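Presented below are the structures under discussion, each in the form of C-alpha cells.
What follows is chain A paired twice: with chain B in the first complex and chain C in the second.
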Partner chain A sequence: MTPELFPALITGAALFGIGIYGALSQTNLVMLLMGVELILAGAMVNLVAFWHHLHPDTPAGQMFVLIVMTVMAVEMAVGFGVAIARFRAIGSVEMEEAAELKG
Partner chain B sequence: MISVQLFFISFFGLAAVWFAVVVFRTHSMMRSALALLFSQTALGAMFIGMQAEFLGVLQIMMMATEMSIMAIFMVMFMMDPGGLGKMDMTHQKRLSVIAGLVAFVAVVVVAVFADWGPLASSVPDAAQQIEDLGLELLGRSMLIFETAGLTILTAMIAATAVAVEPIKRNRD
Partner chain C sequence: MNLIAATILAPLAAALLILLLRRIPLALALSGATVGLLASLGLLADTVAGVSNEIQLPGLPELPLSLVATPLTALLSGLVAVIGGLVVVYAIGYMKRDDEKVRFFATMLLFVAAMQTLVLAGDWILLLAAWELIGLASYLLIGFWYRRPEVKSAATRAFLYTRSADLGLYVAVFILIADAGSSNITTTLNTGGGAATAAGLLLLVAAMGKSAQTPLHDWLQRAMAGPTPVSALLHSATLVAAGAILLIRTAPMLPDEVLLVIGIVGGITTLVTGLIALGERDLKRTLAASTSSQYGLMLVAVGAGVPLAALLHLLAHAFIKSSLFLGAGVFQHSRDSTAFSELHGAGRDRPWIFFGFALAALALTGIPPLSGFFSKDAIIAAALASSYAPLFTSLVLASTLLTGAYMARSLRILWQGNTRHHNIAGLTWMGAGLAGLVILAAILGAAFPAIETIFSDPLPGNNVAVMLGLVAAGVGLTLGWFVPAQRLLGPLRPWSQRGFAIAGGFNTWVVRPALAIARGCERLERALYDEVLALRQLGLNVARGCERLERALYDGALALGRLGLSLGQAVRLGDERGIDGLIFSLVRGMIHLGSRARRLQSGLIHRELAITVVVTALIFATLLIPLLAF
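Here is the complex of A and B:
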C-alpha cells in the first residue's frame, strides 16, 4: 500500500469507470468517442503518478504519456472521419442505426 | 509542502472526475464537450501538481484544441446541440453502469493492494526534465517517437480518405 499514490490512482480509476460507462451507453458516435477519451485520460493520470512517485529519473514514463496523447489524437481524427462518412451516407451518427453494417 | 501538493492533486482530481460525470449527465452536447474540456484541463493542472510541467501544459493546449473541434462537430451533426428537447441518447444503461462500476472497483483494488515499491525522494526540476525527455526522444525511444509520427500521418490520410465525398462518375 502506498497512500501517496492514492489520489491519482483513484482519479484514474474513476475516469476509467466513467469512460467505460460512456463508451457502452451512448448511442451517438461523438459521445462514444468522449467515453474513449476518458478511458485514455485515466491511463494518463496513472502513468504520470507512477513517473512522479516511483521513477522520476526515468523520462520513459513521460514518453509513454506522449504516446497516449498521440493515440487520443489519432482516435479523434479517425473517429471524426468515420462520423463524416456516416453522416454523408445516412444523415445521422446514431450508432443504433449502424447495426445494418453487419450486412 | 507535501500536504499542499497532495491537496492540489486531490482537488484537481475531484474536479476532473466531477466534470467527467457531467459529460454524460447533461442533455446539451455543447455542455458535454465543454465539461470534457474542463475535465481534461483539471487533469493538466493535476499533472502540473505532480511536477510534470511540460506534460501538464501540453495536455491543456492539446485538449483545448481537440474539444473545440469536438464542439464544432457537435453543432454540425446533432439535431439538438443545445439539448432543449431533453432527448435520451443512451442504450443498455444497466449493463453500462455495472461495467463501469466493476472496472472502477477492479482498478481501485489493484491500486490499494498492489505493492508499488519504494517512493522516490525527489523529482528533477522542470528544465532537467525537458532535457532528459529530449535526449530520450532523440536517443533510446527515437524509433517509438518516429512510429508515433508515422501513425499520425497515416491517421490523417485515412481520416481524409474516409471523410472525402466520393466522386460521382457520369457514364453518359
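Here is the complex of A and C:
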C-alpha cells in the first residue's frame, strides 16, 4: 500500500458521494447531468488510483479513462440536446414536471 | 283399286278429312259420298256381270277377315250408297243454319262407311265390328243436338236397347263359329240342328233390337229427337235395316221353328206399331212407328220362307221411308215443329214437296205402279204360300190396312188447313235430295224382275194376293182420310198412345235387367270393397306394429342422443370451468403484474435514480456480505 492511494480513494469517494447527492437532490436537468458527471469522475479517479497502485509501470490501461471521458462528452452532448429541446418546447427543464417523458 | 275398298274407304276418308281439316265439310262430304256411290255401283255392275270381288284381310289366327260382294251384299251396298249420297245432298240444305256441320257430316259419313262394312262383311267378326260401329255412329247422330234435354235420354235409350239386344248377336256368333270352326258367313250358313236353332233365335233377338221389333220398339220413336236426315238414313238403309239384313242373310240356315218365331214376332210388331203410328200426334214419330211396322212385314216374309220378298221390301221401303223423312224435314223447317197440331196445311205451303211426300206415302201403302206395291204384293203372296198362311196373311193384310190408314191421316192433316208461307234456307238442296229419292221410290218396282233373275229365285206370284193387297190398301186409305184416328182406334186408343209398352216396355225389358246387372256389379264391388277394407285393416295393424317398433327405436335413439348431449355438456363445463378458468386466471395475473410493473415506470427521473441507487446498493451489499464473512 503506497501512501498516495488513500487520498486518491477518498477523493474518488467524495466525488462519487457529491455526484449521488447532486443527482438525487437537484431537479434541474442540467444540475442532474452535472451530478452524473461527478459520479463518473469519482469512478474514474478510483480506476486511475487502483491501476496505478497495481501496475505502476504499465500506464497503457489508463487509456480507458480517456475513452470514458469521450463517452462522457458524448453523453453530455445528448443530455444537453434533450435539455435544449425541452426548454424550447416547455420553457423549463424541471424534471419533476417531466413525468410525461416516460412515453 | 279394289271397288270394295273404295266403297268403304271413300266415305271413311271423307269423314276423317272433315274432322282433320275442320273446313269445307260440305264439299268433302259430297265428294266422299259420290266416290263411294260410284264404287258401289261399279261393284254392283261387276257382280251382275259375274266378276267376283273379294278382299281377304289378316284377322284372328285361322279366322281371316273378309269382304265379299255377292249379289245380295252388292245390292245392299248400292242401296246404302245411293241413300247415303242423296241424304247427304239433302242434309246440305237441312243443316244450312246449323253451326256444327263438321261434326254432323263426319259422323254421317262414318255411319255410311260402317254400314258399307256391315253389308259387305264376309265374316262374322268384321260384321260384329261394323255392327258396333253403326251403334256408335247412330248414338252420336241421335244425340247430335245433345244440348236439348230430351235428346240425351233418347240417344242413351237407343244405345241401351240396341246394345242389350246385341248380346244376342255376340252369343249367336260364338255358337256359329264354335259349330262351324270358321268365321266365314257362307260357311256357317251350313250349320244345322240345335246350334242353328239357338243361333237363329239369338240372331232374332239382335235383329229385334236393331230393327225395333216389339217389345223393343220404343227406342226408335224416341230417336226422332235427332236431326231429320239422320232419321232418314237410320230408318231406311242403315241402323234399323241392319236387323232385317242380318236375318235375310242368315235365312238359308234358319230351321222352321225359328222361322215361325220370326214370323210371329214380325206379325205382332207390324200390327202393334201400325196401331201406334195411327194414334201418334207427331209426324216424325208416326213415320218411326211405321218403320217398325214395315220391318215387321219383312220379318214375316223371312218367316214365310221367302227372304227375297223381304229384301225387295227392304229396298222399296228404304227409298220410300227416306223420301217421307226428307219431306217431313222440309215441313219441320217450315213450321219449326213436327207435331201434327202445328203441321195443319203445311203441305199446301209447298205443293211440290207435298207431292213427293204423297207419292212416297202411296208407295208405302202399296198402290201400283209405285215400288211399294210390288214388294208388298210379294210379301202377301209369300204369306199366302207359307205353311201358316191364315195367320201370316191376316197379319200382313191388317198391317197393309193400317199403313193406308196412318199415311192417309198424315196426308190429310198436311193438306187440310191454312197455308203459312215462309222461306226456308237451303230448300234447293233439300228438294234435290228428296226428288232423287222419290223418283227412285216410285220407279224401283221396274227393277224387281231383274233382281229376281239375279237371284234366280222366282217369287210366288198370286193374283189373289194382288187383289187382297189392293183392297186392304184402298180401305185403309179411305178410312184414314175420312175417319178420325180416335174413332178408328176405338178401345185400343190408350194402348196405342202408351206405345203398347208390353209389361212395362222399356222399364221391364231393358231398365230392369240393366239395373239388376248394375246391382249385381255393385254387390260384387261391395264384396271386393269389404275385402279391400279387411286388407286395409291388416295393413293398418302392420303399420301400427311398425309404428310401435319405430317409436321404441326412436325412444332409444332419443335416449342415446340425450346421453351424448349431457356428456358433451359435462365436457363443455369442464372446458369452461377448468382449462378456460386456468387460462383466464393466468391472463388476469399477467395483467395484474403488468399493471404493477407499470407503476414503477413513473417517468420521474429522481425516483428512478433513487431506485437504481438503492437497488445497486443492495446488490453491492449482497455481493460484499460474503466477502466480509470470509
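Quick note on the criterion: the second predicted complex is superposed on the first by the 95 of 103 C-alpha atoms of A that agree within 3 Å, B and C clash if a C-alpha of one lies under 4 Å from a C-alpha of the other, contacts with A are read in each partner's own complex, and residues count from 1 in each chain.
Heads up, the rule we're going with is that a contact is a pair of C-beta atoms (placed from the backbone, for glycine too) under 8 Å apart; a residue touches a chain by one contact, two chains touch by 3 or more.
Note that the structure is a prediction, hence the values are computed from the model and not measured.
Once chain A is used to superpose the two complexes, chain B occupies space next to chain C without a clash. Of the two partner chains placed by superposition, A:V68 touches none, neither chain B nor chain C. With both structures placed on the common chain, the touch criterion links A:L40 to neither chain B nor chain C.
In the superposed pair of complexes, A:L54 makes contact with chain B only, with no contact to chain C.
Set against each other, chain B and chain C touch different numbers of residues in chain A, with B touching more.
Looking at the shared chain after the overlay, A:L32 reaches chain C, while chain B stays out of its contact range.
Contacts of A:A98 after superposition on the shared chain: chain C is touched, whereas chain B is not. Look at A:L24: by the touch rule set out above, it reaches both chain B and chain C. The superposed arrangement places chain B and chain C with a least CA-CA distance of 7 Å. Residues 20, 24, 27, 96 of chain A touch chain B in one complex and chain C in the other. Across the interface of their complex, chain A is touched by residues 601-606, 609-610, 613 of chain C. The touching residues of chain A, counted against chain B in their complex, run 1-2, 4-22, 24-28, 30-31, 33-35, 37-38, 41-42, 44-45, 48-57, 59-60, 62-63, 65-67, 69-70, 72-74, 76-78, 80-85, 87-88, 93-94, 96.
Those residues of chain B whose C-beta lies close enough to touch chain A in the complex are 6, 9-10, 13-14, 16-17, 20-21, 23-24, 29, 32-33, 36, 39-40, 43, 46-47, 50-52, 54-55, 58-59, 62, 66, 69-70, 73-74, 76-78, 89-93, 95-97, 99-101, 103-104, 107-108, 111-113, 115-117, 119-120, 122-124, 129, 132-133, 135-137, 140-141, 144-145, 148, 151-152, 155-156, 158-163, 165. Of all residues in chain A, only 20, 23-24, 27, 32, 95-96, 98-103 touch chain C in the complex they form.
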